[in-house]
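Pasting the structures in now, so scroll down.
Look for chain A in each of the two complexes below; its partner is chain B in the first and chain C in the second.
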Partner chain A sequence: MTSSDQLTDQQSAHTEQDLVSYLTGRLKTEVAAAQDLFDTGLVSSMFAMELVVYLEQCYEVAIVGPDLKLKNFRSARSMAALVHRLKTTVTPDAGAG
Partner chain B sequence: MPAPADALADECALVDDLVGDQAGDWDVAGRLPEPVLRKLATAGLLCAQVPVGHGGIGMSSRRNGELTAFTGSRCSSLRSVMTSQGMAAWAIERLADPGQRHGYLEELTGGRLAAVGFSEPQAGSDLSGIETTIRSNGDGVVVDGEKVWVTGAHYADMIVVIGRYEDEAAAVVVPRRARGVLVSRVVNPVGCRAAGHATVRLENVRLPASAVLGGGGTALEMLVTTALTYGRVSVAWGCAGILRACLTAAVSHATGRTQFGQPLADHQLVARHLANILVAEQVATRACEHASDRWDSRSPQVGIASVLAKHVAASQAASGSSTALQVLASAAGQDGNVVARAYRDAKLMEIIEGTQEICQLILADHAVATAR
Partner chain C sequence: MSEVTRVSPNSTDTLVAVLGAGVMGTGIAATVAGHGIPVVVLDSDPGVLDQAAERIDRQLRHARLMGALPAELPPGPITMTTRYDAASAATTVVEAVTEQLESKTKALNSAATTVGPATPLISNTSGIPIDELATGLLQPERLVGTHFMNPPYLIEQVEVIRGRRTSPATMASLHDFLGRLNRRGVLVRDSPGFVTSRLLHAMLNDAASIVGEGIADAETVDGLMQGCLGHRTGPLRTADLIGLDNLVDSLDALYERTGELRYRPCPQLRSMVRKGNLGRKAGKGFYEY
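Up next, the complex of A and B:
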């Protein structure tokens, strides 16, 4: 593993922890990083949209098209993975939204 | 109260110039003149939030909201087409890949017209019942299904159709003139009579894969919520416009007509009606401003704020227009009259983009989730 991989892994873990804090505050209940928010009935499609905008605003990414899949918002971990992927993938037009 | 026309003088003047005193005639005829739609579309005003980089004006939600309210105060049918075009543009902005996005948005800001098809005969409030399919077939896709009450479809050059795609959903841009597309107008709709509501039948419509926004695979709920969030904010501002038209008409009538030796406005029971219409207009406007400010600050609360605004503004428009009709009485007793239109148009606003009851369910769900 290169040092840059380690760095991004650390960032991803950091993002995951941020999201756990956000979700815990927002849902007023303890949330675990891998907890399935949909199965536990914590999240509606309206809240899923809230998460989309939250992630976009907080992490300066654009979540569009096929990334708008529920599975990407299923847990703090999956959201952190999505953010990580979007941060490390070059999207020439990401700022247009 | 600040006059929106001050901030949007040129845009409002163009709308005023194009609509003139014809909205009543358009309502009775059930038709908007195509040149009016083309002029506004070419000016980019039917989807004014499209970013400048894509050929749009790049208005904020707040400014576009005021423009939408102004247009709605003149003609709700025209405002409905504006809502549809804006919603199509927003869906494309959110769902398309970069290449598609620029191409389609340039078309929509350059004079082409679009509508969005959600509802089906068996899927209204419960959009999880959507049966329209988008299937891969060789290099392209095949679309089959039926969309009902598609606002603006009669005028549209392209229809953004929401359908099932593989295990998820997709939005596909269907050219009106594609083989297998049949658009038939809703006859005598109760409100927004000139908005070009239509049934769109899609039979074995073959399109290139590039017509599927972003390659598809979006969750149906997220796709629908994304598009409707824009639609709800827009409808809410349209309702504020309905109320502004009602307030103007009711005050004009109540101060201009004398009964029992004094102007109607000096009769206390009528005066209370005027107060109630003013309150309705202000309440609706505050809810709209709240939602647009959430939109413009990119707040995660924009989704729920849009539902709240639509619910509040449509309720206020329905009650406020009913009150205005009571004030004008027989003076507004004929179709085409601004208040008669408002009364019918406002009722329709309690139904589209999520019925009042669906909005209440979403709001209740939000109340429970945030109170835990």
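Up next, the complex of A and C:
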């Protein structure tokens, strides 16, 4: 079996920090890694879609089907976890042997 | 005894034609397709249609993200076209072209002569009185107003305006259509601006004026309205979402019909429209996107 680029836990934490910086800059206010952006009224539903597009472009992942759920975008931490999972998903070899 | 035939939610006989591939046309098309109903989107500009296809795709994703569509229901097929004859089989027409009487009349008449004679014509006008719009149509009884909010796939409630000549059959068709889209229609009497635009647009005009006069910047105005008065989005961000050109058109239409100065678009709005800072769709308005 082959896998896409492997990300270590350290890289996942790095992703989380990157997202915190991105959100802080974008929202012009300090954002904590585990802070629920929607419950705290910090962002709108329009911004939710911007986050989807940003993650896809920045981390070269495709967010489709069951992953396209708001719960995955509620915090920098949940977004980093999503990216980590998508980047480390093992894909079966087309022709083994 | 005859058998009662129930139309299934995904009846293949249903086809919705949306006239106009702007922000609202695409949002309405996404709402329709997202509920499993086939939709044809018409626009005279092929360049606009190309952008529209991408926009609908994004809107459908947005709707799914927010849990606003029936789960597990595959989207209805979407066709983009510049030709009215491609919509000849439409069982419902929704008009969402620019907020100008002549453009709307032309689009509605083109559609009316292409589709079946019983097909209702639903105008998404935000404020041109339905009876006035109906005057330019060959069959005024087919016209009804349904003012969808923005984005249409996230806001279930819609403003419904019955014109003086709108027939009971048209109202019944609209009722069925809204039911299939899971939209809740609230009926108001016909008048310029109906309820939501009449109230909102005057306020947005004033908010823009405050910025233009240098009393406070956009973020401060929105922040105060949100923080002090519970306004969800903030008036200037809302204006950007509507599109400042659309807002000015709506205000012009209200001013023309009422003569009330509060509807005369303020210099700040006119200036921004002249410069092409139309809001979210242009990447820049009161905010940058």
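Going forward, the second predicted complex is superposed on the first by the 82 of 97 C-alpha atoms of A that agree within 3 Å, B and C clash if a C-alpha of one lies under 4 Å from a C-alpha of the other, contacts with A are read in each partner's own complex, and residues count from 1 in each chain.
The working rule: a residue touches a chain if its C-beta (ideal position, glycine included) is under 8 Å from a C-beta of that chain, and two chains touch if they have at least 3 such contacts.
These figures come from a predicted structure and were not determined experimentally.
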Taking the superposition as given, does A:Ser45 touch the first partner, chain B, the second, chain C, both, or neither?
both
Looking at A:Tyr54, would you say it contacts chain B, chain C, both, or neither? Reply first, second, both or neither.
first
Going by the contact rule set out at the top, does A:Leu27 touch chain B (first), chain C (second), both, or neither?
first
Applying the touch criterion given at the start, work out whether A:Lys69 contacts chain B, chain C, both or neither, answering first, second, both or neither.
both
Chosen between chain B and chain C, the partner touching more chain A residues is B
Per the definitions at the top, what is the overlap between the chain A residues touching chain B and those touching chain C?
44-46, 48-49, 52-53, 68-70
For the chain C and chain A complex, residues of the former touching the latter:
58, 61-62, 64-67, 151, 154, 232-233, 241, 280
Which part of chain A faces chain C closely enough to touch in the complex?
44-46, 48-49, 52-53, 68-70, 73
Interface with chain B, chain A side, in the complex: residues 27-29, 42, 44-54, 56-57, 64-66, 68-70, 91-93, 96-97
Residues of chain B defined as touching chain A within the complex:
51, 53-54, 93-98, 101-102, 168, 213-219, 221-226, 229, 298-304, 307, 362, 365-366, 369-370, 372
